[in-house]
Amino acid sequence: MSTPVLGYDCTIDELMVVTFSRAMANDTRAFNGAVSFIPVCGYLLARRTHAPELVWGASSIAVDADPDEIGDSTLSDSLWGGASMLSNSPFDFWSYAQGARYNTFAFRGAQMDAYGNVNNTVIGPYNAPKVRLPGGGGMADLGAMIPRIYLWSSTHDPRTFVDQLHFRSGIGWGDGGDHRERMGMPGGPQLCITNLCVFDFEPSSKRMRLASLHPGVTAEQVQDATGFEVVMPDGDVPTTAEPTAEELHILRTEVDPTSARLREF
Amino acid sequence: MSTPVLGYDCTIDELMVVTFSRAMANDTRAFNGAVSFIPVCGYLLARRTHAPELVWGASSIAVDADPDEIGDSTLSDSLWGGASMLSNSPFDFWSYAQGARYNTFAFRGAQMDAYGNVNNTVIGPYNAPKVRLPGGGGMADLGAMIPRIYLWSSTHDPRTFVDQLHFRSGIGWGDGGDHRERMGMPGGPQLCITNLCVFDFEPSSKRMRLASLHPGVTAEQVQDATGFEVVMPDGDVPTTAEPTAEELHILRTEVDPTSARLREF
Amino acid sequence: MSKVTTLEEAAASIPDGSTVAIGGLSMNSAPMALVRELVRQQKKDLDLVAIVSGMAVDWLVAGGCVRRVLAGLVSFEGLGLAPNFRAAVQSGQVAIEEYSEHLLICRLQAQSYNLPFMPTKAGLGTDVLGLHAESGAVREEKDGPTGEHYVACTRLPVDVALVHAHEADERGNTRVNPKLVWMDNEIVNAATRTVASVERVVDTAAFTAEPERTTYPRFMIDTVAPAPMGAYPCSSFPDYGHDSGFFTEYSQAARDRETFTQFFQERVLGPETWEDFLAVNSVATGASA
Amino acid sequence: MSKVTTLEEAAASIPDGSTVAIGGLSMNSAPMALVRELVRQQKKDLDLVAIVSGMAVDWLVAGGCVRRVLAGLVSFEGLGLAPNFRAAVQSGQVAIEEYSEHLLICRLQAQSYNLPFMPTKAGLGTDVLGLHAESGAVREEKDGPTGEHYVACTRLPVDVALVHAHEADERGNTRVNPKLVWMDNEIVNAATRTVASVERVVDTAAFTAEPERTTYPRFMIDTVAPAPMGAYPCSSFPDYGHDSGFFTEYSQAARDRETFTQFFQERVLGPETWEDFLAVNSVATGASA
């Protein structure tokens, strides 16, 4: 399902996982929600490479889980093998989340805007939707509580990256600028990793800014695939760094031997 | 330490426990705090006699505990034998207490007033106390949350039953009348069981009213031992009902064979 | 007096028009045996409270039992959208009252703690809050002394909570093995009444032997309905996982109205007993012993 | 990097003037070995947060370490008042900031949940609220839509929480056997840093073998200090109960200043190590194995 990356000895899902993994610092304390194969692979890979102290609460339940493989649900117990704690959702998890003891969360949406806000609720008008989507779930909560938010998308196109969300289910940088700060929310979105490029966020406006291009992709292609105006950095846009053979080997053989990550493609 | 009750084949501690026990309905869901030997004996006795479904959370932790004997602390694990659940204080207990899933609690204080409010904080002015007492603990919480409150005292004298508390640590009927209702608090104090008599609460003023006299005690003696004016009922004041031989036997041999209840005297 | 009854009687005790909270999270630990029985009994006008749900809501919607869904998320995760829920909301046949997980949890907590509201930062800056502007069910506020924004979540009364657990005794003591990980206790605490389906009924001695493992004390559980594999096709950790095959077949059938009607009748509603249902779906019950 | 250190180093890491929250409840599960070391190191001007406490507060007050006590209750239960606490408050030497249990818990929750306040009905109609009128630490409010009264409990920052548990590994994973029953997690969640004394250090495999029993994940525990019988003379359920004899002797000694000074030196502060302290008090350590 996934395509090879031009000039790199890997596929796009692998490049996305490795790029996500490299963004994780050693003091990351992360957890994951539903349909989060890329982040789950990223946390596991980071822990096995440069970030051995990284905390990952599988499904927000199983701390330090080390599953043999990743099943078809990132909310289910198939992910919990090797955990050193099974926490409880209300007692433990929400305490850690509200107080930002967990500091890292990743989400995607059917739509995302320039500020990293996401829609997973409806396509079309709220009261007469063309498509009723699952709903925001924890996005509206965790977007407001967790300081390091990461976004990703395996479908970088103008239907996903839109100028106006049909519904704001989860908050990224909100209206931009100091909106989060004014609302008393910590941090905000750090990166958005797509199948074409990596965005970071321009520090003052908090709009998505092109940070790196995957091999073979041009800035024009990114802009064409994006429904809002992409902030271009000063100077040249670097190419997304190439995964090492070790990273790919660990991802393919230890982290995700059954390629569950392809469920996102 | 405890004295025989005139004409009854029991001592005053036993009469108090049995009287407390009989006030417990079968749908009682009770728990206990510190230095609560009389209520603990009362719950256990009621469960072994007329109220088999009564719930008692020992120390607010050990649901349906059935200890072999009662130790020197009613907050400690010596009370937890035979429990069917060890609940957790923040997660379980406070949820059950705030929502009045537990419906019964008993407390005493160094001072009590006519409305069943109690002081366990200071004797003398708050900022320059003659005696610094332990503090109100959970009284201020549970007094506001639990609908069936029971009071007791083994020292019925004018220093304990006062017209003006030096500090209101726990709320009974508050300022009386509909005060609790106005504050959104359920129920209120039901009885106060002392070493001289039983008080209930006059329905409109919510002041202590003489409900029964222990054998050999007169209404005048009660009034003399009480620092506020006692509401007298219409008609004669009954004598507190005599414990049955079965109640006394169960109390002495099964519920409290080591007479831990005498620690209150 | 034993609290143990049948799935049929447990479901029969729930009147049309009730507010019913459904336990479990997504494909995990949902009380599917009870849900199936509600559909079989053709309940009407239920208001469902489902923090994060999927198949349970979809069955009830497919059965025409639902007036309104109060939810944070309804889906089959990576296996797709919940097809009947999706169609019913799009057509306006079922109303949706939109929350996030934590907004709904805080409404349940306000109810169980007997408070006018519970505060949270959840939902700030999203479109969810605007949907509640008129009802005031959740409302944005600003703290006086600090100027901080928060959301006040008001009480949510729940008539009955349905949860699935592993073991209960006749008195209602109930436990989840090895421990409760999901948020079922939030709906149990908020509900007037709770029905627990359980993998098996055990003696009270099982609870007194390990009192630290009890999840709900007897006074929180009103009715116990034995249902081995009672969360199928969802999971009941650690005894069995969700059945992806069922989810996929169900979704495929739902692409066509007639196919789905037949599938739903044959595979879900038709079998007379829960054991028949498991047999029709080729589920071995040994796994839960 | 191991989080395991000595009681001495753990105590040394806590500066004078810190706000220190003390775990346990009354005569149960107090971190006495850590408390003893704080007194031995002559800490000054500590603000103590102790929801329901006794001997721990009394040692620290007797040692002159305390500026202020934020508490719901300080006593030896039926064994009497906490004598040094009582005397120090009466003389004005130590300030008391008066709470009920739940008001203090709610302030800790506001802190750990990052909210401007947590609401409760605790304290309504009592004199406790009036004591906070000036500071606004807790304040009575009226809900707009319903007119209901509640108490808003503001954040309480805590520099370090001290708790006693049974087992930890080098990474900081920590558990209470058979489970946490008291409210220590409220102070752990609110504190910037937590030090846990533990009966024993175990391998991480002990946690992965039974992950459902872990009380605190490694990221909530910063320092682990081994201390067998580390709650003595308080209890550590189910390994050992409180020592009533110690409480009684201590109370009797406290009736006379000179007698107490000698008792406190000989029986509490004098012994060089925790093991020496246990030996002086004739405590067998086998019980905790």
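The letters A, B, C and D name the chains in turn, as written, and every chain counts its residues from 1.
Assume a residue touches a chain if its C-beta (ideal position, glycine included) is under 8 Å from a C-beta of that chain, and two chains touch if they have at least 3 such contacts.
Keep in mind it's a predicted model, so treat the numbers as computed, not measured.
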| item | value |
| --- | --- |
| Chain pair with more C-beta contacts, A-C versus B-C | A-C |
| Most remote chain, CA-based centroid, reference being chain B | A |
| Chain centre separation in whole Å, for chain D relative to chain C (CA means) | 39 |
| Where chain A and chain C are represented by their mean Cα positions, the distance between them in whole Å | 28 |
| Numbers and ranges of chain D residues touching at least 2 other chains | 113-115, 120-121, 148, 178-179, 185, 212 |
| Per-residue multi-chain contacts in chain B, two or more chains | 80, 86-88, 90-91, 98, 145, 184 |
| Footprint of chain A on chain C - complex, ascending | 25-28, 52, 71-75, 77-79, 81-82, 85-86, 89-90, 92, 96, 98, 100-103, 105, 120-128, 131, 148-149, 178-183, 185-186, 235, 237-238, 241-242, 244 |
| Chain C to chain B touching residues, read off their complex | 111-115, 169, 171, 173, 185, 189, 204, 207-208, 211-212, 214, 217-220 |
| Chain D-touching residues of chain B, taken from the complex the two chains share | 34-35, 37, 61, 71-78, 80, 86-90, 94, 98, 121, 126, 128-141, 143-145, 167-171, 174-175, 179-180, 183-185, 263-264 |
| Complex contact set, residues of chain B against chain C | 29, 55, 57, 62-64, 80, 82-87, 91-92, 95-96, 98-101, 145, 184, 186 |
| Chain C partner contacts - residues on chain D that touch it in the complex | 113-121, 136, 143, 145-146, 148, 150, 154, 178-179, 210, 212 |
